[in-house]
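Shared between the two complexes below is chain A, which has chain B as its partner in the first and chain C in the second.
Take a look at the complex of A and B:
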């Protein structure tokens, strides 16, 4: 059990260690040009440029135009931001205005 | 054991997955409660379905968003960091970038601002502003735009960004520039044209002055020629005819045989006709009645002359006016009226005409009116037949002559309603009666004393001394030869005829 815990800890350490240099692949699902969608796009773009400048790809997917693109992604709500890479895959819901939570989820902030 | 371990591992994994889903579910509920979620995506038998979440606020927001999305001007909202938070379809067209590309990016990434700083795009406390500036879009287009900026505030009234509504005014500016350039050219052309018009007007006025001078000269020359011809007729042809008739009278008194006497009588009749014709010709060339008795009498005589040609002319002279005029003006008016009456005779198809002579307001006015076929005044310009051209030149001549004397000539006509011609001559500066040139006077008196006159019959019983008075030596000689056949008559010449008064 201790070994397993240590193993799990080591994976997290590895992921955190690679986060600093990893290339981020993000996909933001929105539904049309709603205020929440617009805010979400703006907030994600702002976070990326401030913390991931030069090492991210952000794809914005409008589900109102391409509803089939949500299949297989387990999208339950929009706007949703998916961190596809680096692993682990993470999902964020809302207009992405909770910057600190998102930075934590993207492993760009240490937990206090 | 392995199966048991696998089961435990699977349970841990499942538990982790469930925890993760729980976290995500809590996150979804939080986001829904916070109003950050627009739609829920649910897997069903018919595949994925999207359910939008629209409350009252979100409906109004959607409505407002829809309006902003549909307006024809580029609408763009930025936050306090100049990051784009709203961007409509018109903005996509204007800047050449779609919303997905620019949302969250800095406004400066949309374009380069050529003619001003980005101060216009800075959110400010003061409410609204309007600016015009030039931008260069990322696809290389240079545009002039007009932007109205409005500050955006949250519910608490805190400044949170700025909304700009931008319109492409490139075409309008180019049109304005073209218009200004066009107006400048037009002003230049107008100036040149005005200058040209001034020059041409001066030339035209000089030309008109020369024309009027020529018309005056022509009028004087015509008057001179008419007088000269009348004088020639009077001084020579008429005298010769009179002399012939006197001689024939002498021949008749000699007692000729029947046939010869008859031929002499016929010859005398022809001579009378020739003499009458020469007198008429003299009168027409230079009407003595006009020169001796003035314009009203001249026009009355003219009316009588026209009546012989088949035109009944009524001459109406206003009473109580002094009709004295310098001879040149009287002759000009007389000739003009004669020209107008000849036109009536030739073109109007009317047998009647009226001539009205009146004064008023320091002007003399003569109106010649007929009730003939009339014509379109505009058509007069385009006449081509010789007769009509002659009449047109005659009217032009009248106009120029009248204008050369400071007066004017007006012609009004309506088809089938007759024609009215008006001659107006100012009476000021005519000069006095004494100012008239005596040199222009001449006499058309012709005293043809014959033995059969009543006066001579009364005087036959006593010795008679006859003083021959005539300004023509030929006539005096003829008379003397006639008188010499009477023993009781003594004739004596008197060259200075005018001394008799």
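Take a look at the complex of A and C:
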């Protein structure tokens, strides 16, 4: 847990703190066991273990087994990772190989 | 309630899925290619979504082919509300599992690309929707919206290619809509992937009147109409003009119908015009075009046939009143339901839309006679090049339905002869009656003649056309010298003729009488001469008798003297006496 208490930027600091302490609800939608699916599952698990240990909830859904979810969750591309909580909702599409990009999207990295 | 469509010339070739859209199946000779994707492109607001939706709804309700509507721009409730105006109840169709709606929402801001991906999610979604209702048809309404939502166009393109192939493999008859691009048919070049059939929609404003048009740009493996066809989004969905456009193979009836004007029928070979033919009546203002049309209608209604009138100058009430004034009572026919009069302002819609309205009404009313009074008002603002094809389609349609049509047209001065002003449309007409004003001797009179009438012997004579409170009558004009006389001039001339004839008759009688009396005089003379001759003969006889007597007397005297003197009668004496 990295706390950065800096003078000023109080709001930003607060947000960061919130993000850092929030519980993450993540859903990863894949389609069967394609290379992309497999890579995405591995990559997401790795990121969660490294950065969100103990405060995340990841569910991997195979759309080919649950096709109705595709419409309900507005899934188009596969694999898709949806960050349901904390808000705002974010979607990541791809094999989740660009770790930095995901960390940014999960508000785990400060924008430089 | 499946409907079988029977286009007159379905080519043996690729199987087709009828759209059920009025006119479109005729243009495409049976419908869209079955089991293949069709691209429908055009600018915003030109009716792509409506066309796609009608294709789907009609497929589900009329042809037993359920369909999936996947939309990328509008959401399902908006779309449901929008098409309710066409009488499509999507909610009900969805409940009955005939149609399935899926709104694909993409929010660019939410999406982040992190490596390789594909659109398998979309495939699964679509596949699931198809399987749920057993769909045979699919609509992807502006799938190009994906290009705005997904930054990696290379992936998107290859996935779209895969999608269309996948649809084809699954045997889906698909309609894919696309927004028109600046340099290409669609903004992102979808036409590259959907190559089987491409329809282009277009909305244009001309002379402040907007018209939607449809064109079949391409149709692999099938003949199709290549023109631009106007279409209308009406109360019952789309209506593409024309209904029959590709063929010129309508039946030609040998049945003739009377025009209602006896002398005119006489001019047309005594039997009137052919059923299903088209009649053009032209003339300048006040030549009696509408009256002639009214008589035509009246005759049809008298036969118990239905007549449909499109009046572009008069309201129905005005038309009825005016025709009453010349003894044509149309009111009862309206009351009986044999006659329908539709009046509207020509400027209310474009020509095409008027014609679409005509189609709809003709289909609904099924008349056997139709009158457009006048057609020239419709064509007033339009260019001739547009008018002709439109009229051609209308006339084709009417002929197909065996409806006899009569069009009046105002001849606007300009050309050297009235014939010139109608060059564009006249060639489409089977019979052309020309009404003309003849101004002479301080009055105007109407004349009529048959300029042409296909397929029948017809009079080449000009007749005078008389409108009175007893109706319409045609009389022979006076043809004398080098002029055709009508009206009072004709009457005057005729009176003059009569006087002259009378005079001649009297003169003749007088001459005969003279001759008779002369003859009588001669006879008398002859009698007198006879009498004279007789008297002269008598005189001569008398003279001879006298002479003879004298001679005899003198002879007997000589003999008596001789006897007295005792001498002989000599030869001299006899000779002498004989002399």
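In the analysis below, the second predicted complex is superposed on the first by the 95 of 112 C-alpha atoms of A that agree within 3 Å, B and C clash if a C-alpha of one lies under 4 Å from a C-alpha of the other, contacts with A are read in each partner's own complex, and residues count from 1 in each chain.
Methods note: a contact is a pair of C-beta atoms (placed from the backbone, for glycine too) under 8 Å apart; a residue touches a chain by one contact, two chains touch by 3 or more.
All figures in this text were calculated on a predicted structure; none of them were measured in a lab.
K.L.:
Could you say whether A:36 touches chain B, chain C, both of them, or neither, answering first, second, both or neither?
P.N.:
It touches chain B and chain C both.
K.L.:
Once the structures are superposed on A, label A:71 by its partner contacts, choosing first (chain B), second (chain C), both or neither.
P.N.:
both
K.L.:
Check whether A:102 is in contact with chain B, with chain C, with both or with neither, and answer first, second, both or neither.
P.N.:
After superposition on chain A, A:102 lies in contact with chain C alone.
K.L.:
Name the contact category of A:46: first (chain B only), second (chain C only), both, or neither.
P.N.:
After superposition on chain A, A:46 lies in contact with chain B alone.
K.L.:
So in the superposed three-chain picture, is A:60 touching just chain B, just chain C, both, or none of them (first/second/both/neither)?
P.N.:
So A:60 only meets chain B here.
K.L.:
Looking at the overlay, what does A:26 touch: chain B (first), chain C (second), both, or neither?
P.N.:
The answer is neither, since A:26 touches no partner chain.
K.L.:
So which positions on chain A get touched by both chain B and chain C?
P.N.:
31-32, 34, 36, 39-40, 43, 63-64, 67-68, 70-71, 75-79, 91-95, 97
K.L.:
Flag every residue of chain A that touches chain C in the complex, lowest number first.
P.N.:
29, 31-32, 34, 36, 39-40, 43, 63-64, 67-68, 70-71, 74-81, 88-98, 101-102, 105
K.L.:
For chain A, which residues count as touching chain B in their complex?
P.N.:
Counting only chain A, the residues touching chain B are 30-46, 49, 60, 62-64, 67-68, 70-71, 75-79, 91-95, 97.
K.L.:
Within their complex, state which residues of chain B touch chain A.
P.N.:
Against chain A, chain B makes touches at 24, 27-28, 30-32, 34-42, 47-48, 50, 52, 58, 61-62, 65, 69, 77, 79, 81, 83-88, 99-100, 103-105.
K.L.:
What part of chain C is in contact with chain A in the complex they form?
P.N.:
Those in contact with chain A are residues 102, 104-106, 110-125, 127-129, 146, 149-150.
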